[in-house]
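Going by the order they are written in, the chains are A, B, C and D; count residues from 1 in each one.
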Amino acid sequence: MSLELLMVVALGGSLLTYVLGRVSSRLRNGFAVLVSLALVAMVASLYGKALHVSYYEDFLGMSLVLRVSGLSWLFAMTASTLGCLSVVFSLSYMKGKERTSFYYSMLLLVNAAMLGVVLSGDLLSLFIFWEIMSWSTFLLISYNGGPALAAGMKYFVMSFVGSLAMLAGLLTVYGSFGTLEFGGVAAGMLSASPGYILAIFVLFGVAFGTKNAIWPFHAWLPPAHSEAPSPFSAILSGILIKMGVYGFLLIIFVLVGLRNFMALGADGLPLHTVLSIVGAITILFPTFMAIMQNDAKKLLAWSTVAQAGYIILGISFGTSLSVAGGVFHFVNHAVFKALLFMVVGTVEYRTKGVRDLDSLGGLIKKMPLTFAVALIGVCGLIGVPLTNGFVSKWLIYKTLILERSPFLALVALFGTWGTILYSYKFLHNIFLGQLPEKYKDLERAPMTMRLPMTVLSIVVVLFGVLPGIPLSVINSIDTSFGLKPLNVTLWGLASDTGALNTINILAAVFAGLLIVWLVLKSGGRKVSVDQADNYAAGAAIPKDKYQYSVGFYAPLTRMVAPYLKDFMDSFYMRLAGWVGGLGSGIRRIYTGYVGDYAMYIVLFLAALIFVQLTWSPW
Amino acid sequence: MVSPVLLIVIPLGLAFCVPLIGMVSKRFARFVPVVACLFNLVVSVQLLPAVLSKPIVVDLGGFGAPFSINLFVGPVGILFSLLIALAGFVVSLYALAYIDKGPTTRYHTLYLLLLVGATGVVLTGDVFNLFVFFEILCISSYVLVAYRGDKDGVESAVKYLIQGALGSALLLTGIGLLYGLFGTLNMAHIAVQAGSADPIPLFVAMALIVVGLGVEAAIFPLNAWLPDAHSSAPSSISAILSGIAIEVGLYAVVRMVFTVFGASSMLSFLMFLGVLTLLVGELCAFAQSNIKRMLAYSSIGQIGLIIFAIAIATSGSITGGFFQLVSHTLSKALLFLAAGYMIYRSGSMDISSLEGMGKRMPLTAFAFAVGAFSLVGLPPFAGFPSKLLIIRGALADGGALLALLVGLVLLGTVIEGAYFFRVIQTVFFKKGDGETARCEAPAIALVSMFVLVALIIVIGVYPSLIIGVLNSAASELLVRADYIGRVLG
Amino acid sequence: MRILWLVLSPLIALAVGLFFLGLSRRVMARIHWRYGPPLYQPLIEIFRYFTQKGSSHGVLFGLGIVLSLAGSIVVILFLPFGGICSMSGSGGMLVVLYMMLLAPLGIALSGGEAANPNASIGISRKLMLALGYELPFLLIVLAIMTHYDTISLVDIVSAQRETASAFASFPLVLSGIAYLLILPAMLGMRPFEVVHAPQEISSGPIAEYSGPYLGLVTIQHALTTFIGISLFVNLVWGGAGNPFVFFLKMLVVLAFGLFVNAAFPRLRVEQAVRYLWRWPTLIAFVGLILVVTLGR
Amino acid sequence: MDRNQLTKWFKAPTKMAHKYSLHAVYFCTGCGVIEIPPTITARWDAERFGVIPAATPRHANLFLITGYVSVKTLRAVIRTYEQMPEPKFTVGFGSCPINGGMYWDSYNTINQLDKYIPIDGWIAGCMPRPEAIFVAVTHLWTLIDKDMADGYKRYRKHYAQYRANQEQVLGELEWPPLFQSEREG
C-alpha cells in the first residue's frame, strides 16, 4: 500500500464528494462513507511497516516526504477511524441541513489533512498539511453561523499565530541544516546549541500548544468545540487537537531527541518541568471551568482542555511509563470524547438543537442506549476501573509518584475528582431527573447514530479490560523513541512496584456485581413507579418544575467563581480590541483632505533630504 | 522572433482604433482590449525563452545606447509584461460583461492606454521614456477612476490626480537633475556614472525620483490616494490598479534604486519602510467595514511586504518578493473581480451587506475565498510559496533584526488573515435575512475569475513553473554590471 | 486460603460495619441520655427492608446501587484487614482510590434516575463535599506514598509496622492530624452530614429508596463506614498484625468520630468545603512538603 | 430478649422485623406536633422499641396521622400513604381523625379518616399523651402478630371504593390510580 495512493484517495475523495453532492445526495453519502472506510482499511494495512517516500522532489528546492512509523500509524489509525465514524454519524445528523456537500467534503478534507500531518516525513509537508487542516477546520467551525462565527475567528487567529510561529521555526531549521527531513533535522540537532534548540522548541511549541489547547493557548477551544457541528466536534476534540500531541512527541523524541530535551535548562528551570507545570495548570483550571458550564458541549470542550493536560503531563516526563500513559491517554481520550460529543449530537438532533443543561433532563427514559454509551464514555473520562481511561491515568499517576512529583500527582488526582463533578452534571442534567413534558414523545436515536456510538463504547470497555492490545502498539512506539520497553501483558502491566492487573479487578467487580444483583433479586417484590410518583412532602409534583438542574453546583460556584477568571482569554480579547483600536487610530492618518496628503508627500521628501544632509546615513 | 516593440505598439495602435471601431459598433469595440491583451500575452510567452537565455535590448531609431531610447527586455521586464498582459486579458474579459453602462468606448481606449503605459514602464531602458509611459499610465487611471461619474469617483479621481501630479512633478524634477548631473537619460549610462557623481545632488535626485514614483507605488506615507481611488473606481479598474498599476510603480522604484543608483545603503531603510507600510496597511484594513477599501488597504500591506522582501536584497528574498508580486496580482485581481459582482448584486460595499452571498453567488464567492486564502498565504494556493520564500530569504541571513522584522511581518499576516476570514465568514456562514434567490455573475465574468483561480492553484501546487523566471529576475536586479553590459555593449 | 478470604472478607466487613452502625446509634443514644436501640437494630431494619415491596424508578435505579455496592466490596478486597489482604498487587492504592469512586457514583446514578430533586440536591452536595475532602485526603495519601515510596497499601502497612506508625513518625504526623480532621467528612458524620440531612432534604440521595433498595443502601452505608475507618487505620495508624487488634483500633477511631458527631451541628456545604480547604489542607500540605524535602 | 421472643423470631421473622423497626412518618396536621419530640427524645426514647422518625415515606412502615385532617391535607395524607412501601401500618392519633372531634361540623375538615385510607389503629383523646403512642405501638405489635394489621390489604381490595371516596371530597386527583396498572410480581 503506497502512501501516495492513500493521500490521493483521501484528498481526491474529499473533492469528489463535493462533486457527487451536486449530482445526488444519496450517492454522495454513500461515497463519503466508502472513502472513509477505505482510508481506515488502507491505514490499517500499513501496520508495522516503515515506509519512506519522497512524493514531491522539488518544492522550492525542498523535497517533500511521506513516511509511516509506529507513532504516525497510531495517530493515522485513530484519525481515520474517528473520521469514518463521524461521517457515519453525520448521515442522520446533517440530514436536512443546508450545504451538506460542503460539509462532507470539508470533513473528509480535514481527515485527509490530518492523515497528511501524521504521515509527513519532513517539516514542510507537515506544515502544508497543518495549514490545510487549519483552514478547513475553520470553515467547519464557522459552518453553523451565529455565535460560531466568533468561535471560528478566534480559532483561526490563534491557530494562525501558531502555524506562523511554526513556519518561522521550520525555516530557521532549514536555514541552519539545509534540510527539513526528520532524519536530517535530528542529525543536525545533535550538535546544536541549547539556546538554539530552546528557540526552535518554543516556536514549534506555540504551534503545537495552540492546536492542543494547553493552558495559555486554550482560549479558542471552548467556543470552537461548542459551536461546531457535533460530529465535527467529535473529530475536533478527539483527534484534531491531538495533532498538537503528535507534534510534541515528534519534536521531543524524533527531532530534538529526549536527551537534548531533558538537558534544556537543566541547570535552572528545566524545560520539561515547565511543560509539566503547564500540563498541571491545564488540568486544574479547565476542570473547574467545566464544572461551571451550562452548555453540554462547552462543558465537554473544557473537559477536553483538561484532558489534554494529562497527556502533556505524561509526555513531559519522558520515561517509558509516562510516555506510554500520555500516548495511551490520547487514544482513550479520542475514543471517549468523540463518543460523548456524539451523545450530545444525538440529543441535539432529537431535541431540535437543545444542548442547554438547564432545560434537558430524564432522557434516559427515551434514549436508553444513548444513555448507556454516555455512561460508558463518562466512566472512561473519569477513569473508572475497567474502562480505558483508568489504565492510561493509572500509568500517568504511577509515573508521577515514582518520579517523586507528588504535587503534580495531586493535581492529576484532584482533577479526576473535578472530572467526576462535571461528568455527573453532564449525565444528570441530560439523562437523569425528570423528563420535561415537551420531550414526552422523543424517539430514540437513529441507527446511523447508534452504530458509531456503540462501536466507540465497545472500544472504551475493550481497552479498559484488555489494555494489552493498545499498550503493545504503544510499547513499540516507546522502543522506537529509544525508551526502555514496558513489561506489557494482555491484562495490564507486570512490574516491580505496584503492578496493574485488570483481570483481578474485572473478576472482583463482576463477582461483586453478581452477588449484589442476586441479593437484590432475591429481596422482595418491586413495582415500577412513574417519575411523577415522587416524595414531595405529600404533594403531587408539578410537571416540568421538579427538576434540580439549574445551578447544580451553585454553592461551589459561589465559592470558586470569584477566583476563576479566564484571564488569558480576556487578555486575548483585549489584544484583539487593541489591534482594532490601533487600526482605527492609524486610519486617521488618511484624513480625506488632499492638502494633507500632498503635505505628506512633500514632508516625506523633505525629511529624506534633511536626514541625509544632516547625518548622511545613506 | 517577434520584436518586443510590438508589445507597446500594437496595443497603442489598437487603443486609438477603439473609438473608430466604436463608431461602427460599440459591441465590437469591447473586444479590442481582449484581442490586444491576448496578443501581448502570446508575444510575451513567445519572447520568454529567448529572454531567459539572454536579455533583448532594442535600440529605437537605429542609434546605439546611450544615445537612443532603448527597450530592455530582461527577465524582470518580461515577467511584468506577462503579468500585465495576463491581468489585462482577464480583466478585459470580465469587463465585457461588467462595463455595460456609460461611455464604454472611452473606457476601453483608456484601459488599453493604461496597459500600454504599464508595459512601457517595465520595458523601457530610458529614464525620460519611463516618465512618459508613467504619465500615460497615471493619466488614464485618473480618468478611469472617475469613470462612473458619480461624486465619489470624481472626488477621489481629483485627489488621485493632485497627488499623482505632485509625484510626477517630483519625478520630472529628479529626472531633470539627473540629466544635469550626467548629461544622459539612459539608465545603464547613468548607472555607470552614478558611482563617481557628487553624492548630495545624486541623493537629491534619487530622493525626488523615489518619492515621485513612490506615490504610485503606494509606499507609506505616500499612499493616501490609494484607498479612495481603488474603492471608488469600477471594480475591473480597481483590479487593474491594485494588480498592475501599483506594482508597476514598485517596479520603477526598485529599478531606480537597484539598477540606476545602485543605492544598497538605502535598502535597509526601504526594508523598514516596507514593514511599516505592511503594518499600516493591514491595521487600516482590519478596521474597515467597506470591502473595497479593505481590499485597497490590503494592497498597501502587500506592497509593503514586497518592498520588504526585495529590500533584503538576497537572491532568495527577491525571488520571494517577485513571487509575492505575482501571487498578489493574481489574487488581488481575483478578489476585486469577485467582490465587484457581489457588490453589484447586493448594491452596497458594506461587508455586512455581503451576507448570504455564498448561497446566492456560490461560484463568485468561491473565487473570492480562493483569492483570500491565497493572499493570506495558505497552502495550496499561490500565496503560500511566495510567503515561504520571503520568510526563508529573510531568515536565511540569521540576523536578529531581520528575525524581529519577520516577526512583525508575520503579525501583519495574522491581522490580514483575521480580516479576510471575517469577510469569508460573512459571505458564507452569516445567516442573512435578505434575499436568497440565486444571482450568479455572468458566464464571461466567471470565466475570467476561474482563469485566475486555476492559475492560483496551479502556481500554488507547482511553484517551479514560474520559479525559473523569478530567479533570473532576481539576478537581473542583483547583478547590476550585467544590465549595464547588456545595454552598453 | 486466599479464595476463602476473598469470600470471607466482605462478610467480615459487613458484620463489622453493621456492628459499627448499631454501636454508633447506641453510643449516640447514651450521649443523648437515652437508652437507645439494641446493637442488632440495623440487622432488624435491613431484614425488614428486604421484606418490604420496593418501588423502582427504572433499570438504572437498581443498577446504580448494585454498582455502588459492588464497588465497595471490591475496595474491601483491596484493603488489608489486620494482615489479611485478599487482593494485593493488582494496582495498589491507586486502584483503591479509583474504586472508592464507584460507591458515590453508583448512588449518584441511581439517585439521579429517581428523579427526586431532593436526591439530586443531596448528590450535588455529596460531590461537592467529596471535592472538598478529597484535596486534603489526596495530599495525605501522596505524602504517605511518597514517604514509603510505594503505591501498594500492603507495603505501606508493613513499612509502618517495621518502624513506627505514621502518627508516631515525624513528617507524617502532620498528615495524620489532617486525616483526623477530615475523617468525619469522609464518614459523612456531623458536622458534614449535609449530604443526607433528613430534616432538610429528606435524606437526600436515598430519599426515593424503599424495600430491598433501601436495604442495599444500608449495607452500603455499613461498608462505607468500614472502608473509611479501616483506610484510616491502615494509612496512618500502621494497620495491625491480626484482625482483632485491627478491630480495636477501628473502634477507637469510630469513637472519635462519634464524639465529633455528637458535639457539632451541621455545616452548610460551602462552610464545610471552606473548612476542608483551609486547615486540613494546610496541615496536609505542610506535611507533604516536609515529606518531599526531608525524604531526599 | 427472652426465650419467647427468640422462638417468635424463628417462627415469623418477617413480622418480628416489622414490629421492631417501625419507622414512622408523622403527619402533624396541627395538633399533635408537640407530643412527638418528647416521644423520640430522652424523655420517652421511642428508639428503644425501634420506632424512629423516617425522613420520607419510602423508608417508613408506620404512618402516624396526628390531629384534624383538613380537605387540603387529606390530599397529602393520601399521597404519602400511597408512597409507603407495603406492608405499612397506619395509626390515627387524636379524636379528630376518628370522628372530626371538635371540628366535626367544620366545612373543610373531614370527619372520618378511615373512609379515605385504611387505619390499623386509633389513639383517642384530645390530645393523647406520648405514653399513648407507646400503648398504640404495643397494640400494633399484637395486631401484627395476629395478622390483623392488614390495612394495606384492605386498601388494595377496596381500592375502587377508597378512590371514589377520595374523589368525592377532593374532586379530580392529580395522580393516576395506584392499583390499576400495577403488575404483581
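In the analysis below, a residue touches a chain if its C-beta (ideal position, glycine included) is under 8 Å from a C-beta of that chain, and two chains touch if they have at least 3 such contacts.
This structure is a prediction, so every number in the text was calculated from the model and none was measured.
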item	value
Pair of chains joined by more contacts [C-beta pairs], A-D or C-D	C-D
Per-chain CA centroid nearest to the all-protein CA mean	A
Chain centre separation (chain B, chain C; CA means) in Å	78
Separation of mean Cα positions, chain D and chain C [Å, integer]	36
Rounded Å distance between chain A and chain D, as computed from the means of their C-alpha atoms	59
Mean-CA-position distance for chain B and chain A (Å)	43
Per-residue multi-chain contacts in chain D, two or more chains	56, 58, 83
Shared-contact residues (touching 2 or more other chains) in chain A	525, 527, 533, 535, 537
Chain-to-chain touches, reported pairwise for every pair that qualifies	A-B, A-C, A-D, C-D
Touching residues (chain side chain C, partner chain A) in the complex	10, 49-60, 62, 65-67, 69-71, 73-74, 77, 87, 89-95, 97-99, 101-102, 105, 108-109, 112-118, 120-121, 123-125, 127-128, 130-131, 134-135, 138-139, 142-143, 145-146, 149-152, 202, 207-208, 211-213, 215-216, 268-270, 273-274, 288, 291-292, 295
Chain C to chain D touching residues, read off their complex	25, 29, 32-38, 41, 44-45, 47-48, 51-55, 118, 198-199, 202-203, 206-211, 214
List of chain B residues in touch with chain A within their complex	158-159, 162-163, 166-167, 170, 199-200, 203-204, 207-208, 211, 215, 221-222, 224-225, 227-228, 263, 265-266, 269, 280, 283-288, 359, 373, 378-380, 384-385, 387-389, 391-392, 395-396, 398, 403, 406-407, 410, 413-415, 417-418, 421-422, 425, 428-431, 463-464, 467
Contact set on chain A toward chain B in their complex	58-60, 98-99, 127-128, 131-132, 134-135, 138-139, 142-146, 148-149, 152-153, 156-157, 160-161, 164-165, 167-168, 171-172, 174-176, 576, 579-580, 582-584, 586-587, 589-590, 592, 594, 596-598, 600-602, 604-605, 608-609, 612-613, 616-618
Contact set on chain D toward chain A in their complex	27, 56-58, 73, 75-77, 79-80, 83, 173-176, 182-185
